[in-house]
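The following pair of complexes shares a single chain, subunit A, combined with subunit B in the former and subunit C in the latter.
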Partner chain A sequence: MTMPDEGLSPVVRVIAAMLFPFILIFSLYVILHGHLTPGGGFQGGAIGASAVVMLIVAYGARWVESKAGEESVSVLESLGGLMFVVTGLLGFLLAATFLSNFLVGEVLFGEIPTFGSNPGILNTGGTLPLLNIAVGLKVIGGLASVVLIMALGSRRDAA
Partner chain B sequence: MDWLLTHAPALLIALPLLGAFLTPLIDRISGKARSAFVLVVLAATQLLMMALAWDVFTQGAHIYTMGAADPTATVPAQAAVPVRIVLQVDGMGAFMGLISVTVSLAAAVYSLAFMHRESGQGRFYTLLLLMVVGMLGMEFTGDLFNLFVFLEVLSIASAALIAFRFYHGDAVEGAIKYIVISSLGALMVLLAVALLYGQYNLLNMGALASVLEYTYLDKVALGLLIAAFAMKCGAVPMHMWTPDAYTVAPASITAMLVAASQASLYALFRICFSLYGFTLDLTTVGIIIIALGLLSMFIGVTMALPQKDIKRLMSYHAISQTGYMLLGVGVGLYLLAHADFDTYGIRAMEGGIFHIINHALYKGLLFLTAGAIFYKVGTRNLDEMGGLAHSMKYTTVFFIIGALAIAGIPPLNGFASKLLIYESAYRVSPILSIVAMLVSILTLASFVKVFHSAFMGPRLEGMGDGREVPRSMLVGMGLLTAGIILFGLFPDWVVSNLVHPAAQALADQAAYIAALGGGV
Partner chain C sequence: MWSELIHVVIPVLLVIAALVAILMRDLLASAVALAVMSLLLSLEFYILQAPDVAIAEAGIGACITTAILVIAIKNTRRMEEEA
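Up next is the complex of A and B:
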């Protein structure tokens, strides 16, 4: 069996394809539990971007580019940024000031836990999880497109 | 209106940030819509900034606490010290904000035609808006760590814009130099913040100022902060990045880089006056700032004289003009605890601060005219151009106004601020004024050279298509020219209504501490 032009052997490719969803799920876990456990938007986003980097290594940058172009990945980044600013702006439209936590006591993420230790209640934190998701989207989009562009620019035949 | 003014400090940062993230999305639909959108965002920012500045200059400083129930409640109910993210806009902050937004608006209008041949304009305007966010953030923040964050936002956006025309090899070189210097500076700031936080457990600048003891570690932190911000504003001997970066950036970005350097200069002054203030060894630190100013002035202008590249020449002049600001404000710092502060110390500060806005206007204008020449002629080398006054009448007039203003010729704004600096620095030591005047003469000499080789002489073959530059570039330059002429005609009004409150805000450390909720 011959080696593909770009990327690594079929063994690596199959393993990478199997691992990809698990890494993404772990990334989502770190982002969503940002207000409870170590980590948060940036860390989870970096993990998510590393899943994309793994695909770039295993399948080659051109293959990844054909599946998800740099342009569309950048949209993800813009959306993340927008979500953060809009959450901040909603702070003074719905409550008092910019970035006010307007979700406290509401249905979504608004639960106020009783004082004392608990196993970690996900539905708390108000706008914090939203901000973590926004940062997570931005970091996945940003880091993935940076690595993709650099990989495309440094292909062996590019020189 | 009141609601808008109350939230203006946060809105001024949020609005360009929202614009920056929307720009690439709108760019996918239509380039025209994107340009219009960017202009609308910047115009709205400008209007809001003017409204806020007017309110600050007439009613006093604004405080904005992120996420609090009441914007002025810097100290939360359960806490003893201000732990929240605070924005504070006093006379000085509003003054600097006006400069940044005005120059950015002029630069964006200018870019419409100047950059229309480039690809990736969506990114260009995104980064331009992020630069505005960085500058305004640095000028408004009342939190030492956020100062670092906005410094980074500004540096990264600037570095990417310097390298925007990456197909010119030297653009990448200039950008690499800039990003290395910026990262080094930012790390020094971060270390200084850590040193202060480790000792006092505070990041709020007002609260920190009220407990600062000027220990040995505080002195180390002060040294790091002064070095980092002096490096970022391009003071000699840390100026080596300035000519490279300014020369290769697109002209509109160079004009914004001038304003960005001044945001760092503002941070330097804020650290010295509002954070350390009277705990400083004012004589020593004052003399250090004055020495930095003298060195920058003299070395900047002497390096400018032999340059043949028009933007490189102007970049060295930018260093030299930064020296005037450091000299003026340095004299103020030197005299801060002195009985003469109210007579001529504050005058020197007014001169230095007035010079910041004057410099942003005329050096911004000069870089834009240099860009107009490059747009038509395709070279920056003075030896290869000539006779441009025949075809580019408006650009010639704009250049003359800018050149006379930077040289300090009386009816224009440069004269007013330089005179304030000469008169007050003379009272400290005549040497200071003599050097400042000498530098002014050399500046005039060097711009006469540029004027002669670029604009005078017979009409040359191959100098563009014999037409004026597109209208949007003229509008961008015209905006800044109007500022220069207005400030030159009414220096008295500007000094008493804009500059004096700014100088007062810097000098009055007690008001700064009280406003930010320190000293509890």
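Up next is the complex of A and C:
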């Protein structure tokens, strides 16, 4: 039986390719609902990074690197950090202090729920969903690039 | 009754999985036992009502750490040597 020099059998590849978008959607759900349900930027980012790790294991690091190189993944990570800092500085400029919640009452994420219990309104939280998205981008980029570099540094002739 | 039982069974299984991870000579089996320990630990966090920590532990501990360990074992030797 001849195996490819990297990656696993076609069965594993097909199942991984089928599961990959669903895991990414679940990761986006955990990130976007971070201010309502358990989870948040870090947890959703870890789930998204585990989807990328599954592709690295199934298809091999060089295939993944030819689709999304280490530089572009690092750009994603830096974009997350930049988004967090810019959101904080916008709070400094538009409201009182660093990271103050300047979106309360606005159209985007600014709805103020009425008093009492509710089933969980997504359009609330002010800047918190934006910060969750920023942290999620940074964690996906960081953890995926860690595993990608680790797998790319492997010897090709390893048993 | 079932809730008290599960508070006893999961820590015992956790310790058994950790002992298997230490005592195995095959490092790949050791990494898999460590992944099982991470999964049981996330279950333990969940029944202790810390779902945030449980999600993070399941993502980081059971998936990414195992992948990093398997890549490291692939580039070195699989069996543990006598010191």
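We take it that the second predicted complex is superposed on the first by the 153 of 159 C-alpha atoms of A that agree within 3 Å, B and C clash if a C-alpha of one lies under 4 Å from a C-alpha of the other, contacts with A are read in each partner's own complex, and residues count from 1 in each chain.
Throughout what follows, a residue touches a chain if its C-beta (ideal position, glycine included) is under 8 Å from a C-beta of that chain, and two chains touch if they have at least 3 such contacts.
Remember, predicted model here, so these are calculated numbers, not experimental data.
Trainee: So, A:F20: does it touch subunit B (first), subunit C (second), both, or neither?
Mentor: The answer is neither, since A:F20 touches no partner chain.
Trainee: Using the touch definition from the top, say if A:Y29 reaches subunit B (first), subunit C (second), both or neither.
Mentor: neither
Trainee: Just to be sure I read the superposition right, which of the two partners does A:L143 touch: subunit B = first, subunit C = second, or both, or neither?
Mentor: Second partner only.
Trainee: Could you say whether A:S100 touches subunit B, subunit C, both of them, or neither, answering first, second, both or neither?
Mentor: The answer is first: A:S100 touches subunit B but not subunit C.
Trainee: Looking at the overlay, does A:S74 come into contact with subunit B only (first), subunit C only (second), both, or neither?
Mentor: First partner only, subunit B.
Trainee: Once the shared chain is lined up, is A:V57 touching subunit B (first), subunit C (second), both, or neither of them?
Mentor: second
Trainee: Starting from the residues of subunit A touching subunit B, keep only those that also touch subunit C in the other complex, and list them.
Mentor: No residue sits in both footprints.
Trainee: So in the complex, which bits of subunit A are touching subunit C?
Mentor: Residues in contact with subunit C: 30, 38-40, 42-43, 46-47, 49-50, 53-54, 56-57, 143, 146-147, 150-151, 154-155, 158-159.
Trainee: Flag every residue of subunit A that touches subunit B in the complex, lowest number first.
Mentor: 71, 74-75, 78-79, 81-82, 85-86, 88-89, 91-92, 95-101
Trainee: Over in the complex, which subunit C residues touch subunit A? Could you list them?
Mentor: 51-52, 54-56, 59-60, 63-64, 67-68, 70-72, 74-75, 78
Trainee: Write out the stretch or stretches of subunit B touching subunit A in their complex.
Mentor: Contacts found on subunit B: 7, 10-11, 14, 17-18, 20-22, 24-25, 28, 64-71, 85.
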